[in-house]
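Two complexes are shown next, each including subunit A; its partner changes from subunit B in the first to subunit C in the second.
Take a look at the complex of A and B:
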């Protein structure tokens, strides 16, 4: 099985289109970094406009605010919404691509069960997803830390501001990237499931993106009828829970408690929901695939 | 004899009138002088300081901000230059923080009418109001709560035209001789804060938030600075304030 996994990974990383995703991430990250390096103060002014009546913001303050940790947060905020497309490119192609090329039946002549075959295929998609996130972490986090330096992290929420000491930030990023890996694996599992039904890869990729877009819109809209009924069950509502690692607890006087997370049970619940989604998508894909009449 | 008697009566009546006038007028004259003197005494104490730099810990308490305790350096230079600098991190410095420097109140004592309001019941601090003579001045009214024995301002309220009311409460210790506090509580008005969710993409953890529309509006923010040490009159470079 390990050999098969290596073959699958070889196939994925041999294809030039695999690197489109890596290139796209690098382009977006560099563009954001360049923009914020040369015109970051305008961006900070926009964000702090609401507070300028109550606080003094010197150029030095703005420079400190715009540190590597904040840049990485801005990048994650922008990019993690777009990344499902990049993940779906590979996962949606997993089975449907083989069917399209007419190699699926041939692959299944090997002495392994269909379940093992699915495990290997899905495993390769997950490794690709992780590789994409590691690439993003290197560019967005470590790249920004080198270019902009480090300082306290200030996270602007819709109704409040969270500030963390510089030494209390890095572990949150590791946790957030770990969470993002699970979140993107959910998308990968969905694309993988849809891939089982299709004979070419475009269908599952577009279908996955359509589902993610519709669900994301529903998750971000604040309409009470959806808030209580649909929203808690959409996986897209839980995909943004990586931000929960950057929401901190404070004492009665508003002083940040170092190393704390505002609502860890909620983040873990969201993580659990995503894992359930992955399990359901993957087991459904295996179940369908085992029953499927492979003709190509 | 009649003349002598008349003279005695007239003299006694004159003395009585003078005594009565003195009894009625003297306390108010004494009070007015004392308020003025007290202000001069406090000012003289503060005038001993030409510049200082101090290390301190700053705690920010604003309803919509969660911030850690910051190690700050406070720089002051006459007449009214003040800078709070967080050298190892980020601190939200409220507008009007220059008012934590008490000298700021006395920059132009000629420009104020001094009103003695009496004493505060609980603390026995002397309450003195400073009303600027200039109608266009940014400061509308300053109210000082002064410890008469030590000639120290314990509390100050400054009402401004543009930025609401600032309140200062001071606790003194080692540097009381210079009128410099060991601990300052600075309260200020905060304006409402809200960013569109389309920008922040907040994570909704499903917990019910406190439904209070006024929570984020026009509340008082507080900053507490606890000083650990001062370096007084040793010079502070101008570059610090740029």
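Take a look at the complex of A and C:
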């Protein structure tokens, strides 16, 4: 199995198109970092404008706000919305791409069960997803820490602001990236499932993105009838729960408690739902593929 | 074990289409078995069922004396195959492709052996070239190398000479003969080219619309003395009419665009020639033709020698 996985990874990383996603992430991260390096003050002023009615901010506070941790939070907010497309590019191509190239039929004449084949293919897609996130973490987190330095992290919410001490931030990012990996694996599993039905990779990629876009719109809409009926069951509603790691508990005096998470059960519940989605998408893909006649 | 492949009452239906219809045949060990039929006859569907790419609607397949569904891995580890076009990873080199399929076949193979395999099909000097730079013939040879890389006992090749130039066809033919005679491999080869099959196959099966037409040894199926002759004259239409009322009427099989078809024994050719001269027919050419199309024609017109060999 390990040998087969190595083959899959070799094939993925030998294709020039694989590196488009890495290039795209680097481009977005660098553009944000450059912009905030040279015009960060304007950006911070813009952010604080919404809260200025109820809060007064000193220049010292504003200066501390713009640090590596905050930049990474901005990048995560921006990029995690676009990442599903990059993930779908590879996962949607997994089976459909092989069918399109004609290599699927040759591969399946080898002494490998179809379940093994699917496990290896999906495993490689997941590793690719993780590699993208590690790349993003290196550039967005560690890169920003080097360029902008570290300080306390302030996160703006509609309800107010969250402030975390600088020593209480790094683990939250690791947790957030870990959560994002599961969220993106859900998209990967969906693209993988759709890939089983297609004979070229364009279809599954477009279908995955269409589903993600429609579900995201439904998740974001504030229509009461959807809040209890549809939203809790859409995987896109749970993909943004990584932000929960940056919402902290406060004691009776309103001081934030280091190492705390405001609503850990909600985050874990969302995580569980995403894992269930992954299981359903993947097992359906295997079930369909095992029954499928290979005619390409 | 006398038979490597034993297929019984194999049927495959795609919704309302019956692609393979109650097909039974067996392939003897160490032989080259030709699997013939026109495009759409059901050859590829049958081969895909032999390789577990398609599930049969009914019937059974035994390979190496084992049930294919129950012993899939064990069987496929001893089978090498190309199905239709030898599609490979175009963005990888020949050596990388070969290494991938060797690993997938479950064998540990050294770089030297991989190179030897490429050398066997004449691609050693292009081992590190990307497959997208290969010609169709080179891809076909690389496809065969991937089928042979794990030293299988049974080799299944679906239309292996498709898209090849005459030299490429001859190379593949020689390779097949070498594999069979020198290495003792069993080969099942599908084709729509009867002339090619006659040169390499020990026995063959002809199918049409998913059904078996005939099966048997090549010598039994094709009496080399029996031939279809194309007669070209200065006025084919008139000669065709003339022959219908002559003593040669019994040989006339039909008329094509620019010739008259006669079916006769080789010994009868001089007699026919003399008779044509007597009839004052202006003959431009007279040559023997032996194609699958003609053979099918003879099958469907109920020729006696074919009827005698039907199973």
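The rule is simple: the second predicted complex is superposed on the first by the 285 of 296 C-alpha atoms of A that agree within 3 Å, B and C clash if a C-alpha of one lies under 4 Å from a C-alpha of the other, contacts with A are read in each partner's own complex, and residues count from 1 in each chain.
We take it that contacts are C-beta pairs under 8 Å (C-beta built on N, C-alpha and C of every residue); 3 or more make two chains touch, one makes a residue touch a chain.
Remember, it's a predicted structure, so these values are computed and weren't measured experimentally.
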**Q.** First, second, both or neither for A:151, with subunit B first and subunit C second
**A.** first
Q: Check the residue A:237 against both partner chains and state whether it touches subunit B (first), subunit C (second), both, or neither.
A: first
Q.
A:247 in the overlay: touching subunit B, subunit C, both, or neither? Say first, second, both or neither.
A. first
Q.
On the A-aligned overlay, A:166 touches which partner chain: subunit B = first, subunit C = second, or both, or neither?
A. first
Q: Return the chain, subunit B or subunit C, that is in touch with more residues of subunit A.
A: B
Q. Where on subunit A is subunit C touching in the complex?
A. 3-4, 7, 10-11, 14-16, 101-103, 105-113, 291, 293-295
Q | In the complex, subunit A residues that touch subunit B | A | 47, 50-51, 53-56, 61, 64-65, 77, 81, 151-152, 154, 156-166, 220, 222, 231-232, 237, 240-244, 247-248, 250, 253-256, 258, 262-263, 266-267, 270
**Q.** subunit A-touching residues of subunit B, taken from the complex the two chains share
**A.** 59-69, 88-90, 92-95, 97, 188-207, 209, 216, 221
Q. For subunit C, which residues are in contact with subunit A within the complex?
A. 48, 51-55, 72-74, 76-77, 79, 81-92, 96, 100-101, 103-106, 146
